[in-house]
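The next part holds the structures, each set out as structure tokens.
Look for subunit A in each of the two complexes below; its partner is subunit B in the first and subunit C in the second.
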Partner chain A sequence: MTDIAENGTEAVRGVAVTLNGRVIDAQPGELVINAAERAGVYIPRFCHHPRMQPVGMCRMCIVEIDTGRGPALLPSCMIPVAEGMVVETESPVTRKAQDGVLEFLLVNHPLDCPVCDKGGECPLQDQTVAFGPGESRFVEEKRHHEKPIAISDVVQLDRERCILCDRCTRFAKTVAGDPLISFVNRGNETEVNTFPDHPFASYFSGNTVQICPVGALTATPYRFKARPWDLDQVESTCTSCSVGCRVAVESSSNQLVRYLGVDVDAVNWGWLCDKGRFDFEAVNSENRLARPLARQGDDLVEVSWSDALTKAASALGGAKERHGSSSIAVVGGARLTNEEAYAWSKLARSVLGTDSVDAQMGDGLPSDVVLGLPRATIDETCAAGTVVLLGPDLKEELPILYLRLRDAVVNHGLNVIEISASQTSMTRYAAVSLRYRPGEAAVLVQELFEHAGDVDVQADLGRARALLEANNVVCVLGRPSVAERADSVVQAALRLRSRVPGMRFLSALRRANIHGALDMGLSPGMLPGRVSLEEGREVFTEAWGQLPGSVGLDTAGVLRAAAEGRIQALILVGADPLADFPDRDLARRGVAGAGFVLAVDCFATDSVRQADVVLPAVSYAEKAGTTTNIEGRVSRLHQKVTAPGTTRPDWMIACDLAERLGGDLGFETAEAIWDEIERLAPAHSGLTAQRLASSEGLEGIVAAGPSSILETTMDVTATATLPVDGYSLRLVSTRKLYDNGTLVQQSPSLAPLAPGEVVRANPADLDRLGVASNDRVRVASSRGAVVAPVEADAAVARGTVLLAFNQSGSGAADLIDVSLPVTEVRVETVGIGDREVSG
Partner chain B sequence: MGRLNAGNVALAHEIIGRYPRTKSALIPLLHLAQEQDGWVSDEAMVHIAELLDLTPSEVLGTCSFYEMFKREPVGRYLVNVCTSIACMLGGGDELLEHCEKSLGLTPGATTADGLFTLNEVECIAACTEAPCLQVNYRYFHRITNEEVDALFADLRAGGRSGEIPPHGTLTRVRQQVDPQRWDGRGGEGLPEERS
Partner chain C sequence: MGYFEGFRITFKEMFKPRVTTSYPEELRPKPERAHGRHVLNRHEDGMEKCIGCELCAGVCPARCIYVRGADNPTDAPISPGERYGFVYEINYLRCIHCDLCVEACPTEAITESKLFEFSFTNRADAIYTKRELLVGDDGRPQRLPWELWSDDDEANTSAWVRATASSGRADYEGRVGWSAELGYGIRAPEVGQAGEDAVATADDRHGHGDDVGHGHGGGH
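The block that comes next holds the complex of A and B.
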């Protein structure tokens, strides 16, 4: 009632309930267990979970409830409040019932707390102490099961400890949509289990470990690593993708040991994906760069910070002096906090004098589109009239956004129109799913509005048109495939926008703090606070001393220029173009062609190994600051452990370099940087450190600053179909959650989960080409060739082949030429099964 | 053995079509699998999951809840001998012992020829007729040792097939009512003779 009353609309009267003799004011429809909790009375529970439907499974929450027909023992998690209801949570009858429930729950429980990971933070322990009988009358033999069985690569199940609360199984089915664990058998034999040889391979499996009220489910990365009372905890933000889930980071003896999801309404509702939950292992990795390195012939050898910085500064200074500022480029920055991105942006513009800075790796969207389109939050997207998905497979790239949208569809009837090149995890939840030929998204959107297109899709197009009539349409916009250029997708989005009044957008760019980096101006032509170089020229010239005269190059442009010998100094800030840039040939030529390469990174990636000087940076768990998620929501990042070796935060490295180059960024602390951002960046004005640190900042605050960029630079006109070559298929390349990226590969629990390189194509196309499923095929483009096994997959649209980006093997990057609108490939058999066929 | 055969797949689709929600066909399809093979194999469960757009785990969850779906091969004849209290007083234990000897089995086991599986069961609701047993859920009331021997001998010889079909058989007569006549809304459209 309060919310509504505060909004000044209608004040709804609450429901009067007598709780332990005191009258409380409950909300209509509220469950007794929740109403009591809000009134400060905790009713014990196991199965009840605030983010899932009640099931009344464990009976622990049983209390005496009188609804006018005399008191009865009822499960308070199943009973909504009613006017005049009388609830007794501490009466002798309630006590006895709770005693009995606990005694029963413990009948089969092994009571192996001393060797149980949950011991010390276990609801079963705690509630037994608080509400239990203290002694058991059970003298018979307990039920026995094999001690933990692996139900997935990361989750172990000890069935003896399970109290059958249905939290994990309910989560898998209703929240994750991956019902791979179920109750098996019945009565005393009931257990949680998977189907034989069908493991609980869900991207969200770690959540079941977090919500299991006993020690039945444990996660491999944490098992036996620490006891709860040894753990140190801070609240922070996940940076493994750009959803920005809130997390509790836990360490023991300066080692990260566990991440838990923190429940914030606006973002993750307490859930995390397994990548975000477990990839902290990479932070603990022994392969972390700990000391600066400098090239000596073919080798990188350890040097002091002072030597490394002097070397780097003299190369940068020399390049600037001899070839001008435009011969210097900064690529990367999504790994940085907002403060660090700002420092690098300032270093590049005011000290190095270059505008060739880009945090995107050629796999995103133009920054003016990302920053300039009107925005929607995750909540607003879930509550929209219709949502258009025009981007990657959300389950693979932004897992918790997928969970939120799935929930909106399944539980609240959200209508989703999917526009994609092949089926995705959202296809089954979409009201309409439309396929476009790679490179021709804009053509499809044009057909949609002009009633054109093939007859067989007319019905779908019609339904989509009808759904777009809804009030309040939001488009989730990202890059559906890196094997096509971004143009057509951008045109499609802008055309949608021009036809659907008031349409808003939610970005689906995946990389860590990419939105913070763009907001801080790590993109050519952009300055901090979502203003263009020209708009911000006056303010920032005054604050920073100087700005580059003209707009610089993006990553593709930088690599091209470098390949042609026009980049004398290339700075890679947490960037690995050799692995992440869609066109490996260009990346290779670019990195090799740059006169001098400075890498600032946590790991010796392929690109870092090519560098002349390497500066080791601290990772996200070792620094404080802020990050910005897909919504533009700024949340705080907290330091949990101390960094290895002599690593430094990226902002400090920027300051150090500035100083050696005779400049001064003027920062002593990361906090000082935030103050400058708040002062200068238009979109961040008013977002003070105090506000972020207050309770308001707990779920992050959306920087909803204005932007007028879009209106000035966009061209929606040219839309053309591309010529079709009957012998070729068009490549679609997207990411899988687990790939060959550093975080996954340096996390021993996750690395084996990367699916590896597989080519997927529609069975009809394979038939036509005379290729059989499981053959080894050669996929060749104008750029290069890849040999990998092929699988027939009806989910892949006809005329296309799917090859995930950055898996082990040579990968799609060998096929893609970023100068072409699409990647046409030919597929031919080179081997059957494991056998190579010659010729 | 295993996945549903072509005829049963066609039947499965027909059954699925009878329900507003695909998932509702789960138990009927488990029966179909058990009718085909005499038990429900993992392969059958995987196949049913595919047909119903469920996961194998969901199919297993339901299948394993019901004692009468057998997830291990059982004999062509499933012999259930009741030893609950009324039968115990009426000679159920002796009856079970006789069956064990006659078949050469301990409860839970299956004969090498795959013909008989013997089970000891709780009350099968024929207490007034103790001692009693079931063969493929067909009742034999107040049965004597001699009658048991005769029954097993008949079954071994391939007799009584009209009375006792192989384990898993749901029905020997497929009835086909024109769907137009039972379109499922509260009795309207039921065959005239029943409405």
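The block that comes next holds the complex of A and C.
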């Protein structure tokens, strides 16, 4: 080791270790257990996990190690390799020790393997067979505990089975940052448990089930659903949010029963959030749309595909003929795979002739900003000099990105500057946390660079300025709140970019495949492959036959036009504007005002119930294709189960509609669509199906696209301080992980976890208003009013009020007027506790 | 001589006892360990022995068993423990009566009777569900209308008809390795490979137990 230090330059030099009589080449600092595994020798283990620090709890990995002082039994997960080390993993002494450790571990382990969910894939079972005693000598009574106890809504704990390996507790503390489970008691009485009255309410609790080496932690949604030997597995990509975690999708008897995280270095490291892990229940839901519906009077009745498609095509064709192509609009598409998004993009532009297509629901950012800014990957963000967070609460919207950033901060000293309207879950990990008044993010950034601002924040601004001097600054950019317009955030980001040379961006838009949808041109003025309508006109006119003449409307524009009667046919592709568009009043008027509404969806959402024709689509794990994550990483989705009823994939629906409208998209399979994307879309050139299917594509391949499309005319230098209304509070409306969306609500295990509608405000503001915590309050804006309980929360900045978006009976959308830069609300009490105050 | 020589066999056999029976009016007793239609047993207190572990389905070479477990309702438990067999189906068009399911069962819930005389008029009827496989309140197999039962078919349906002892060891003699069972109680120990010498120690108060421990141990 000393010669390495002296040379200084010799960073990686092999360490010669004798393993079972064979000399192997280990890396300096590598643990014996890992070096042996790389050399093909598996040392049994329970507590060791490649993504967590070793603790040496279980003693299963003890092997005979001679470090020059004679052989000794040492835990190989705690000992780094050293030159000349001799390791014996198969000697009689090692064998006897392993046998003894297993016998002790089994002393209190109940033999209820036949009823245990882990039975059949249990490391304790497997290693007992491989390394343990053949027969038990233990005849005494085993330790008994209540079986099983629910430590959270989705995780059950059987303390009898626990072997105290510290994996779950270590995960909760060091990986998730939610130290809600811990060892309690001592000695023989030691057990894992939660703290009194504090359930293991972590968004990441499902991971403890996956890493538990015995059946102590089991997942409620999977409980007794299947046994490991009747599971079929396929590797796919999670589309519950846009991080793109790799998952193993498992089914039994053609029903999804479980997802497991797959460890890929670039994205999720094997972790999943509970929403992603358990929302397979929505795919299995009885409430799925299974057959096409068409409106007859006030009711939607089941019809055949042929009738539904004919009806839809004649309405679309009629609208195009009588009112022109611009009277047709397509909203939604983030649920689609890349191939399906491309098919819809092609249908809209070449057959329907409209450019009014938008996959965003007015709660994202302008697509030229998302696609045009220079990009960073998750790895690059975690390795950056400084990261600026200008977006939503990552733990709520992109949980695994939060885990990765948290790891980078805690274990690698990443500096994070948080710019937000109120505290988020990243605040405690941020080096500097800057608060802006809702709607004035750009003002804050201006102050940051112009040494302005109040005296009390000068120190923070100074520190942030110093951190921005670092090489390699990355900004995680999303929409912090739907109650303020996107302009101010975009302006803030562009201003940061103009002052910090070489700054790169990581998008934090949350919807499943929103980045794939934007890449495929499901955005007004954009064409597949991140080119603008004008840039790509020549290539795509030749390939597609025709293109719309001018740039169309975005979702807000479409709804506004529809409300004014200028949209004759509105197509909702997996879109529910009544729930997801920030301004419900406008959404309601828009959907009602459209002449004809065609909905393509998996569930009968509020908007679908308003439609004239409903076409049922297949859902996740029922179709193959590709998806694109926040980094632009394209990874593959696989089919695992058969779709219910007569549902069809969205690309097929697009082709069917095109055919009935007299066009031809020219696709027979989803693979054929990808071949056309690869051929035509500049950003995806070279991303062949073969490459994606190869080992290179296992963790997905980043589509490195052109970034010349950013054509903002925004005045980056102007400051727009909004006039302050002394009687009003500014509304901040963000999403929680569990909300009123179909994915959560149709998953029986997740639906009860949605926190419901609660107004949060700073205690000082509540004092000033004479409102006590837990009172019911009336929150009123220029648009409407909402009555909900209020909670004092010091995490909410003064002058603002927090109301989560799309919770049960959520009124946040009733308050927001998208034409205003920020939503101002007045709060007044209407009742104390549960009692209403009568007039 | 030719003419009467031809009848030599005929005349000889005329005076021997007749072995042909008039089936199905007359049913022959079946061998002691004949493999027939399965039964799902109950504990002595009436609880189902099946815990829905799917080991039988996992081991089945004909893949004729479909089992699903479910959470045992704590207020009205169906089997002892956390889990019970929620769905249990055997497709008798596929079953080859190899008895591997009986070997695999950790609770001796599934065993076989000797009944093989049953038929169906359509494929769906060939799938026995839990309702049909479960023993009745007396612990005896249900005699379903389309099955031809003779009295010895249900004798000794219980777990002793295993090729090996419940410990998995063939020499596990003279010990009771199974649990009490509704209708049969605790049965006498098996004598195993050693034959007649092993001493019966178990309590065989209930019915059929008395003729079990002796004589049959050697063959299977």
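What to note about this one:
The rule is simple: the second predicted complex is superposed on the first by the 820 of 839 C-alpha atoms of A that agree within 3 Å, B and C clash if a C-alpha of one lies under 4 Å from a C-alpha of the other, contacts with A are read in each partner's own complex, and residues count from 1 in each chain.
Here is the rule we go by: contacts are C-beta pairs under 8 Å (C-beta built on N, C-alpha and C of every residue); 3 or more make two chains touch, one makes a residue touch a chain.
All values reported here derive from a predicted model rather than from experimental measurement.
In the superposition on chain A, no contact is made by A:V724 with either subunit B or subunit C.
Of the two partner chains, subunit B is the only one touched by A:P179; subunit C is not. Look at A:H198: by the touch rule set out above, it reaches subunit B but stays clear of subunit C.
Of the two partner chains, subunit C is the only one that A:K147 touches; subunit B does not reach it.
Comparing the two interfaces of subunit A, the one with subunit B and the one with subunit C have no residue in common.
By the touch criterion given at the top, residues 112-115, 119-120, 147-148, 223-227, 229-230, 253 of subunit A touch subunit C in their complex. On the subunit B side of its complex with subunit A, the touching residues are 42, 45-46, 54-61, 64-65. By the touch criterion stated above, subunit C contacts subunit A in their complex at residues 51-55, 57-58, 66, 68-71, 81-83, 86, 106-107. The touching residues of subunit A, when paired with subunit B in their complex, are 173, 178-186, 193-196, 198.
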